[in-house]
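Look for subunit A in each of the two complexes below; its partner is subunit B in the first and subunit C in the second.
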Partner chain A sequence: MHLLIEAIGFGVASGAVLALGAVGFTLQFGISNVLNITYGSLMTLAAFLGAFLLGLGLNVWLVMALGGLLIGVASVALNRGLLSPLIRRGLQPFGLIIVTVSAGIVVQYMIVAVAGPSTVAYGNLSGATLHFLGWTLTTAQVVILVVALVLMVGLHILLTRTQLGRAMRATSSNRTLARSCGIATTRIGDIAWFLSGTFCGMAGIALAITVESFDFTLGSVVLIPIIAAAVLGGVGQPYGAMVGGLVVGIVSQVSAAYWSPSYENVVALAMLIVMLLVRPRGLFGANSSSRKLLA
Partner chain B sequence: MRRALVIPAAGLLAVLAGCGASTPAGKPAKPGPINVGVVAPFSGPAAEFGTLLSAPCEASALLINNAGGVLGHKFQCTPVDDTGDAADAVPNVTRAVATISNFDMALGLESNTAATTVPIINKAGIPFVTTNGLVAFNRTSDKYFWRLTPADNANGAAFAAWAADKGFKKVAVIFENNIGSQGNLPGILSAAPKLGLKITSNLTIPADASSYSSVVSTVLSGHPQALIFSADPQTTATFLANYSQLNNGSMPPMITATDSLTPDFYNAVAKAVGASYLLHDMYLVGSYFSNTTPAFYAYKQAMEENPKTHAIAGVITTVGPPASAYDGMNILALAMLASKSTTGSVYNSYVQQIVSSKPGDVVVHTFAAGKKALSQGKTIQYVGVVGPVTFNKYHNFAGQFAVVVFTSATQSNSVKVISGAQVSQLLQ
Partner chain C sequence: MTGIEFYVVVLLVYLGTDLLAAWGLNLEYGISGVANLAYIVVIAAGAYTYAILSLGPDSGNGGFQLYVVGWQLPFAVAVIAAAAVGALVGVIIGVTGLKRIRQDYQGMVMLVISLMAVTVVGADTGFLNGQAGLSLIPNPFSSLSPAVGDWAYVAMVALACVIGFFVMRRFTGGPMGRALRAMRDDEHAVAAMGFSVIRLRLMSQAVGGAFGGVSGALLAAFIGGWSPGAWAYVETLALLTAIIVGGMGNDMGVSLGTFVIAVLLLQAVQFLPQISSHTGLTEALGWIILGVLTITFLWVRPQGIFKERRPFYRSPGETERSAPGDSATGRVAAPRA
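Coming up: the complex of A and B.
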């Protein structure tokens, strides 16, 4: 029982990072309908930018915020400079996926060209180990949990209590109708890509803090669990992605504790398949086939 | 399912590659340098092996070229990126065999990719010295295969022997789920009962996970006195950091493979848990060689003089696989001279002759000395860094084992020799 409680704690800690990533991933998909596989490489880029910024002597949490903003800008640039022109030329969704896969590989190898293939580490930033409710977490993990929680509450307020949030939800629900109602859908798209990139960047740096040491494959390794979390929660559903991230994290850690650690991702993905067989729309998916933020 | 499709496809490509590649090795060398293909990962998570295996090639090439080369050819080391993935390696190695001029010798072909790269290179008729430890090659019939490093199961038994020697009674065995790391496991499982070692946990872990906390919790419940561990730098750093966090900052000693004796590994782990752990509690076990022989001095000097290897000479020269690759390259180059041919199918049959002891042999420790003796019409026995070599009928030679410790990121010391006979007994 003690091991189970401990494993759930570890799962919540790693799930918080996955949730951050999954929320960004699903938020952007909900608005743009582009399955952005470059996301993993942007997380890696954030981690390397974080190493550079830490080298300048900045505080790690400031670095996390700055890294998030920089990747937010990069994310908008990716959409404006590459994906939007291709969409305007009529490239189909499958073609777009291939473009994002390719762009991800280009970004990954640009990182190698600049930083080399060796591992990079921030140094031990974990802080003291804390014990409560049978859980054992580091100070850094607790801070990441709190940051994730604050960001998600902030996103909730943005989407439900502000004019911008309503415009984003309208664009997500029906882009053409939103545009005809006077919503600047292109600008809304930019904001969605920026927010998605910010979550992506912060998740990348949070992951780099957690793993202690990483290389240029960092983001690609967690991309599948992040997509799994997004799909589990219901594609385009930020709340679903939050819950999905936690569920994937907890299931992975519990299965590692009780079964074979080498199959921890397999168990999480098998659970995803079973979930989708039972509830194809995911945990928080909309009833209709259309995508709706917070439907 | 996807993996099941990839493996036959890789095998098919390997066969096709071999068919198409037999021509270059059968032809006399064109003018220009002999290309020594360093078949190793130069990209991806295992890219450190590329550095590890390029260095001895560069050192040997420097000395061979300083001695005037072979039959009018200089030697040149050419990276062939196998990416560390058996399926991805196939097109890269196939392309290299088909396009690199005078590709007459190969080094590397490490454990992660050997299953697909060895057949391609062997079929192409290119003699090669492999550093892979796969047990499957203990009884190979591949004609161009030569191995001067121990099989992984023997390495595993040596891990256990060192654990027992240190007085540990309870160890946890944790290996990454790759073929190179997993190859050690049978040796440990065979040796542990004979040495009175209790294995408290025997776990396989995925590489580069975001957390190993649950694994560490399981390991901690067995109260091991030491960890027998093998994984890439990032995985090791994350695992140890999690161990420290969950065990009040304390970690038991770790026994791992000398493959990890790289600056990259040192830096990754040092930043996660501190350099003190690496310097005082980490033991790296691998093939042994003496660092007081004339061959070793020549090897180390070449490593230090070469600008490409100077920075890592201190640590690389304490590791078995690079030393065996260096010796292997010298042996193959001397076989070229003895056979008066750079064609693989011709000089390959002279390899045994170069290392075996025969009446009237001149014992040589460097390529230059061997070239001089051969030019005087003498027969030679090459005794290199790894000592006298006796290839068995499967072209395998295991030798002895050493326990090495880090003294800095780029320096290390050998602290114990484990005899090959002891390891063989543990495997029976």
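Coming up: the complex of A and C.
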């Protein structure tokens, strides 16, 4: 029982990072309708940028915020410079996924070309170990948990309480209708890509803080549980992704505790495949953007 | 055997095995329209199958590597088994492609399958020796002197390519090719003609998988080792780039693309002198160029260097230019009386 409680604690901590990543992934998909596989490489980029900024002697939490902003800008540039023009030229969805995979590979190997293929570590930033509720977490994990929580609440307020959030939700559920109502959907798209990149960057740095060391494959490995979390909650639904992230995190950690740590990601995939075959629109019923997935 | 001769042998073997794989993937993606981003998994399945069927029991060589099965079958039998396993894995992957979901979503799922297979095989050391992979995989010509044996291997790969080419033509051309291309362009139309879409799709997955299996087996037997590092998901992209650059659905184009992309760009650059302060730089540059090339071609010339040749029905005297339909938009030309 003790093991279970402890594993759930780890699961919540890693689920918070996954939820950050999954919310960014799903938010952008809901609004722009593009599955962005470059996301994983952008996370890696954030982690390496973080290592560089830390080397300059900045505070780790400042680095996390800066990394988020930088990746946000990179994400907008990816959409404006590459994906939008290709969509205007009539590229089909499968061509588009090849483009995002290729762009991801370009980013990933540019990191290798600049920083080399060896592993990088942030050093020990975890701080004192805290015990509560039977959980054993490091200070860093708790701070990340709080940051993730604050960001989620912030996103919730943005989506439900502001004009911009309403415009975003309207664009997500029906782009054409939203444009007819006078919403600047292109600008909303830019904002969605920026927010997505910000979440992606912060998740990447949070992940880099919690792991011992990482290399250029960081993003492509963590992409599996992130996609699983997003699909579990229904692609395009931010609230679903939050729950999905937590569920994937907890289930992975519990199975790692009772079974084998190396199978952590395997459970995420199994969940993904089952969801996809049984209920591709996610746990929480259909919204318009997850309906779009059905051919 | 001189260095340059060995270099040529290596490139020729890579070319042959990559050709088999690219034809197989072209059948699945270019001809049948299944977005198989997990193709490298069937190649790996073939390589591992060949390895465990020819290495003998894992207690040999001091038992330094662990794996299942451990038989010692003749080369040809092991390769045929690799083809069969490749086909089986191809069909299993293909089942996820049957679900009627958007093509990019499907591609994403395939990508995740590919990432996952590497993780599972790498994690389980008792299954296929985990992350370290299998080594000392026997070469069928090891009893010959290196010079003769290597050229014999090239000849054998070339023979496999010739056989593979004629087998593949049965599927990409003729009535079967037309049915598969029709399925890619309009599922409902081909179903209305009395074809079973499921059967066609799984068949193309099986044939494509068998090609991948043979390719993997021939590659593993030549290199002598196979590990999760050899089949990262990016390898599938290299084959896809070859298909996109060369011209999807066009056998000639795919072959040319394979030579330029998979062999010259990715393999040949690895023999360039390494810069000691930047290990892996040349390899990284190869992948960067590959990614940029893919995006450039999809942007500028999505049909590739050699356009797919469509089987038009033309009345005498009509030129191809006046034929209806355009392969770049993926529309099927209506037959003209």
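Quick note on the criterion: the second predicted complex is superposed on the first by the 276 of 295 C-alpha atoms of A that agree within 3 Å, B and C clash if a C-alpha of one lies under 4 Å from a C-alpha of the other, contacts with A are read in each partner's own complex, and residues count from 1 in each chain.
In the analysis below, contacts are C-beta pairs under 8 Å (C-beta built on N, C-alpha and C of every residue); 3 or more make two chains touch, one makes a residue touch a chain.
The structure presented is a predicted model; accordingly, all values stated were derived computationally and were not measured.
Will subunit C clash with subunit B on subunit A after the two structures are superposed, or do they fit?
The answer is clash.
Let me test your reading of the model: by the given contact rule, A:G123 touches which partner, first (subunit B), second (subunit C), both or neither?
The first partner, subunit B, only.
Contacts for A:I227 in the overlay, against subunit B (first) and subunit C (second): which applies, first, second, both or neither?
Only subunit C is touched by A:I227; subunit B is not.
For A:A113, using the defined touch cut-off, is the partner it touches subunit B, subunit C, both, or neither? Pick first, second, both or neither.
The answer is second: A:A113 touches subunit C but not subunit B.
Between subunit B (first) and subunit C (second), which does A:L277 come into contact with in this model arrangement: first, second, both, or neither?
The second partner, subunit C, only.
Touch check for A:L83: first (subunit B), second (subunit C), both, or neither?
It touches nothing on subunit B or subunit C.
Would you check which partner chain A:N265 touches, where first means subunit B only, second means subunit C only, and both and neither mean what they say?
both
Tell me which of 171-179, 189-197 or 225-233 in subunit C produces the clash with subunit B after alignment on chain A.
That would be 225-233, the only stretch with clashing C-alpha atoms.
With the touch criterion stated at the top, can you tell me which subunit A residues are shared between the subunit B interface and the subunit C interface?
Common to the two interfaces on subunit A: residues 112, 117, 221, 260, 262, 265.
Over in the complex, which subunit A residues touch subunit B? Could you list them?
Residues in contact with subunit B: 3, 6-7, 10-11, 13-14, 17-18, 112, 117-119, 121-124, 126, 129, 136, 138, 207, 210-215, 217-218, 221-222, 253-254, 256-257, 260-262, 264-265.
Within the complex, which stretch of subunit A touches subunit C?
Residue list for subunit A touching subunit C: 35, 37, 82, 85-86, 89-99, 101-106, 108-110, 112-113, 116-117, 220-221, 223-224, 227-228, 235, 260, 262-263, 265-266, 269, 272-273, 276-277, 280, 292-295.
Considering only the defined contacts, which subunit B positions touch subunit A in the complex?
Spelled out, the residues of subunit B in touch with subunit A are 42-45, 47-48, 177, 203-215, 217-218, 221, 233-234, 237-238, 241, 245-246, 248-249, 264, 267-269, 271-274.
Residues of subunit C touching subunit A in their complex?
35, 37, 96, 99-109, 111-113, 115-116, 119-120, 122-124, 233-234, 237, 240-241, 244, 278-281, 283-285, 287-288, 290-292, 294-295, 298-299, 302, 329-330
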